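You will see two complexes here that share subunit A, one where it goes with subunit B and one where it goes with subunit C.
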Partner chain A sequence: MQPRMSVKAGMLSLVLLTLFLAAWHLLVLAQQGPAVEMDPEYAALMGKQATEGASALPKPAEVGAELWRHVTDPFYDAGPNDKGIGIQLAYSLFRVLTGFLLAACVAIPIGFLIGMSPIFRKALDPFIQIMKPVSPLAWMPLALYTIKDSNLSAIFVIFICSVWPMLINTAFGVASVRKEWLNVARTLEVGALRTAFRVVLPAAAPTILTGMRISIGIAWLVIVAAEMLVGGTGIGYFVWNEWNNLSITGVISGIVFIGLVGMLLDMALARASKLVAYAE
Partner chain B sequence: MGALSNPFDPDQTLWGGCSCGQHASQAEHDAAHRLTGAAPAPDERERLAEGRVAESAASDRAAQPADTDPDVAWTDREAVLARTVESAVLRGVFGGDASRRGFLRAVGSATALAAISQFIPLDKLKAAIVEAKGPLEKTELNIGFVPITCATPIIMASPLGFYERYGLDVEVIKTAGWAVSRDKSLAEEYDAAHMLTPMPLAITLGAGSVATPWTMPAVENINGQAITLAMKHLDRQDPSQWKGFVFGVPFEYSMHNFLLRYYVAEAGLDPDQDIQIRVVPPPEMVANLSAGNLDGYLSPDPFNQRAVYDGVGFIYKLTKEIWEGHPCCAFAASRKFIDETPNTFLALYKAILDATAYSQVHENRKEIAEAIAPRNYLNQPVTVVEQVLTGRFADGLGNVRNEPDRIDFDPFPYHSFAVWILTQMKRWGYVEGDLDYAAIAEQVYLATDAAAVMQEMGMSPPETTYKSHTIMGKTFDPAEPEAYLQSFAISRV
Partner chain C sequence: MTAPLAKTPKRGEPIGDLMSPAPDTRKKIIQVEGLERRFATPDGKSNTQVFGDVWFSIHEGEFVCLIGHSGCGKTTLLNILAGLDAPTAGGVIVDGKEISGPSLDRSVVFQSHALMPWLSAIKNIAFAVESRWPQWSRKQVLDHCQKYIDLVHLTGSESKKPVQLSGGMKQRVGIARAFSIEPKILLMDEPFSALDALTRGSLQEELLSICAETHQTCFMITHDIDEAILLADKIVLMTNGPEARVCEIVENTLPRERTRQDAYTHPNYYPMRNHLMEFLVSRSKRFSQELSSGSYDPRYPPVVRPTAGPRDAGASKAGEPQPAQDGAKYGDPLR
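On to the complex of A and B.
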């Protein structure tokens, strides 16, 4: 039963994709206006949109060709402002992972502390509640001004947006470890550190991983916006550069790559959370 | 040569410490006066006789000390001694060097003398900027640019090898907009950057950023902007019909903003009340125009031509029709960069001047268009860039126009440009209070250095650093900025 269902689901996905592409193609064709009569000398100076009434939106096939071009040559380097999609993605991933790991190093210990000690939780709660809803991009000007390095600023923004979900989830996971398990540990006279690592951490791990999964999703959302702002390198810059050329084809292919990488990141953490999952 | 040290002297205060505003301190001011009273006086008279003063505000102001020369107290032994020593030094410096004398005349001898009196105890900067014999302090530089045709010299110097020619390994880095360019420059990620001509003034004054001494060694382009209107406004080409329009400009401290404000104000519209001016990054202008969010914009090319190319707008007016020869974009660097790496700066400066001269030649424009259109630089269709640079373009109304000076390149940073910009910043409330126009202009716009370096490179810089400009038929006299400012009916002053 199970395999047949996934086959069916896969086929349904394909049908939906085909329908979507067909609708897109038809939309572009419908937008095609009539060719405009023009002096050939004048027409030579104009774009296809003006002369042939072509739609600004590319056809799916054009986007496909563009995607293929990127996939077949992902690592070319034609100067500081023109690098292959693979290099751009690598820059973005590096920033996201650095910011994310830094955030994990800070959030998990502090989350532990908050989860274990009600006093700390009460004391830190107002700060967390105020900082949490701030859009990470609101930090950008402040970061640029104080850190004075656009690359570090981008990493800082990733850090600040990844830290809250991990912190809150860790605190929640630690606080809700079953009292019986802690009591058992205490009865057996297990030391505090050992209790933390052998009892609390494994018990809270699934919740912590959920926090990390939320964080990486947010971090990947934010990096694109941050790179569009500061420019230079990264997938956000790539999209901005294509937009600068008003190339919708390029922007769409950027979107596809962003989506694919985001999905891979999420899948990786989903796989990791399976490793620490347990049944009671 | 003498005036060189003036803009490069890190100790020079911005706000003219003396009564005439030209000298760092009252003592220097007095020293200059003593000097004009002594040895160079015949030279000064000769200059007056040649009638240069009338055409040059710089010379006007230079002549001032001579007129109001407080007599050197002959009883004051120290003053007499100082004067004797200084005049001897002057003779030594200028003796037999015709080109330097010519340059001195151009900038006005009082300015030059004031400067010389400070750097005669061998100022390190003088050696750096004019002779620059030392090795380059560093060769790897990052220069930021915003992808528009105004930045042509800065950009094309990379693919066409101008930086290499001067021993530099330069990465030109595309930047999303001017606010980012400013912040990255302030953060020293960029050694130098493409900016808008008002920006170094604004940064130095601390308008819109932390006040940091900034300099503008060269103008990039003159002209080269346009007012583009959406296709739906074909029959509303009289600015008096523009009430309620939403216009885009690329940055607040831009010639675009000031020219647009000037233009609509001349037509009787208050730019803050009757129309709305929005800061929109240039690449987003075309999309906003076609979406109807903007009725028009005054923006840098290629985005005017791009609107025509994509059939969403038409070129209503080239900015050269508002002010023929107006400055637009600039090559800007922090004073710190110049002070700390003077040899590198000079090499870079020469590369930029060289590239600008190359861009000036119309025959080279096609080649440049092809060099800067690719993805690494402007990322635009070649024909769009070519139409901008060659001046043979489709105007969006069905005509092919031929305006070879649609955009032009002239590096000389006239002080009078700065004074005009400052009057407009004050006119629209971007800065308040009393401004020492000339002192700020001379500190930020390195016209005297430009003249010296250009001369050394065999180019022919203009003789004066101030000249009057004509904007929409109205004359601007840089010697009378306040009177000019008061002459506008619509202003925030």
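On to the complex of A and C.
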């Protein structure tokens, strides 16, 4: 029953994809305008839109060819405005992972503190409540001014947007560790540090991992916007650069790669949460 | 297996014990002295006494049950004995020293088993054993754990996670964990109340045989009369809260070598059962009247021994206040 269902679902996905691509293709064809006669030298400077009346939107097959070009040659470097998609993604991943790991190093210990101590929770709550809803990009000018380095500023923006979900989930996970498990540790005269690592951490780990999964998702959303602002390298800069080149094909292939990498990041964290999950 | 800390009673240690009919010469492991616990009312302006003036003691190797309705502070009392809660007044003396917090001397079997779901059965026990003997090697720890897994008949289920174990098996792991650290006293908070009747019966028997084998001193909270008669040497009766008191202490008149199958055939079984039932059904509510009319001394709550003798202490005096230190009753023969 189960395998048959996944086969059916897979077939349905393929049908939907085909319908979408067909609709896209037809839409592009429908936008075909009249061809204009012009001087061949002038025509060479103009795009196909001017000379053949073609739509600015590429056909699915053109995007497919562009994607294939990127997949087969991901790491070429032909100057600052023409780098392979692999290089751009590597820059973005480096920024996201650095900012994310720094955030984890800060958020998980502070989350432990907040979860364990009601005083700290009350004391830090106003700061968290005010900082949490601030768009991470609002920090960008301040980061650029203080850090004076666009790359580090992007990492800082990732850091600041990853901190909150991890902090809040860690605090919640630690605070909701069952009292009886702590009582077991107390009756066994287990020290505070051993209790933290042997009881509280494994008990709260699934909640902490959920926070990390939310954080990495947000970080991957934010990096595109941050790189559009700081420029130079990264997948966000790539998409913006393709827009400046008026290459919708490039923009669409950028979107596809962003989606694929985001999915892989989420899957990696999902795999990690399975390792620490427990059933009660 | 070798006997844990609690050994057979030491003889020739005359201790003046006014509570017992015949002076009990065994060492007192736990002395509860004038224990009182108050909780603040929800508005925080005043407080109510859950129980107060609680005095009793537990001798080495003895199995003591505490019976009372819910709300009389049974669990609070056990938490204080475990060191997880602090009394408002009075104190608990364990082996000559007043307690100030939890200790490996006293291990607890929790009502809800309190196993850590991310650890397998044997790892749950190992967590306790490593805490008790941190210097032990990994092999020593696992061998010790295995001994207690075998003791509670869980051989073969060592590596199962709690979620894969039935309710009875989980509580077996909880019991094995509590025994594994070889405590001076084992505290049990209604350990079988969440189990079905059949499982409960077999676990009670296992506990009985383990205690007989190890001479473990035990204190157990229950509201099950049959459980108390089967397991306990001494049953402490607690009146209804708030302001609960120890009403009296009932000595089990059944021979110690009793089993679930033959306990109810003993002539003293029904006198015991009726006495306890009478207490739970009516006396536990009206105790304040007994207090004002009788010569109740909280330091020495009356000790009764219900038997099937001519002067049936349990059944015939039903409903009447039990006068303290009634010498006639103590003279009753066992049969």
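Simple rule for what comes next: the second predicted complex is superposed on the first by the 271 of 280 C-alpha atoms of A that agree within 3 Å, B and C clash if a C-alpha of one lies under 4 Å from a C-alpha of the other, contacts with A are read in each partner's own complex, and residues count from 1 in each chain.
We adopt the following convention: contacts are C-beta pairs under 8 Å (C-beta built on N, C-alpha and C of every residue); 3 or more make two chains touch, one makes a residue touch a chain.
Just so it is clear, the model here is predicted, and its values are computed rather than measured.
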Three-chain arrangement built on subunit A, subunit B and subunit C clash or fit: fit
Comparison of subunit B and subunit C by subunit A residues contacted: B
Contacts of A:D39 with subunit B and subunit C, given as first, second, both or neither: first
Partner chain(s) touched by A:E189 [first = subunit B, second = subunit C, both, neither]: second
Touching partner for A:W243 - first (subunit B), second (subunit C), both, neither: first
Partner chain in contact with A:M267 - subunit B first, subunit C second, else both or neither: neither
Subunit B versus subunit C as contact partner of A:V7, first or second or both or neither: neither
Which superposed partner A:A279 touches (first subunit B, second subunit C, both, neither): second
After the two structures are overlaid on chain A, angle v-u-w for subunit B, subunit A, subunit C in degrees (C-alpha centres, nearest 10): 140
Subunit B versus subunit C as contact partner of A:L27, first or second or both or neither: neither
Shortest span in Å between Cα atoms of subunit B and of subunit C, once chain A is used as the common reference: 51
Sites on subunit C touched by subunit A in the complex: 82-84, 101-104, 106-108, 110, 112, 114, 116-119, 127-128, 131-132, 161-163, 181
Subunit B to subunit A touching residues, read off their complex: 147, 158, 171-176, 180, 183-184, 186-189, 283-284, 286-287, 290, 306, 308-311, 374-377, 379-381, 383-384, 387, 393-394, 398-400
Subunit C-facing residues of subunit A, complex: 178, 180-181, 183-184, 186-190, 194, 198-199, 202-203, 205, 276, 278-280
Of all residues in subunit A, those that touch subunit B in their complex: 38-39, 41-42, 44-47, 49-50, 56, 78-82, 141, 144-145, 147-150, 228-232, 240-246
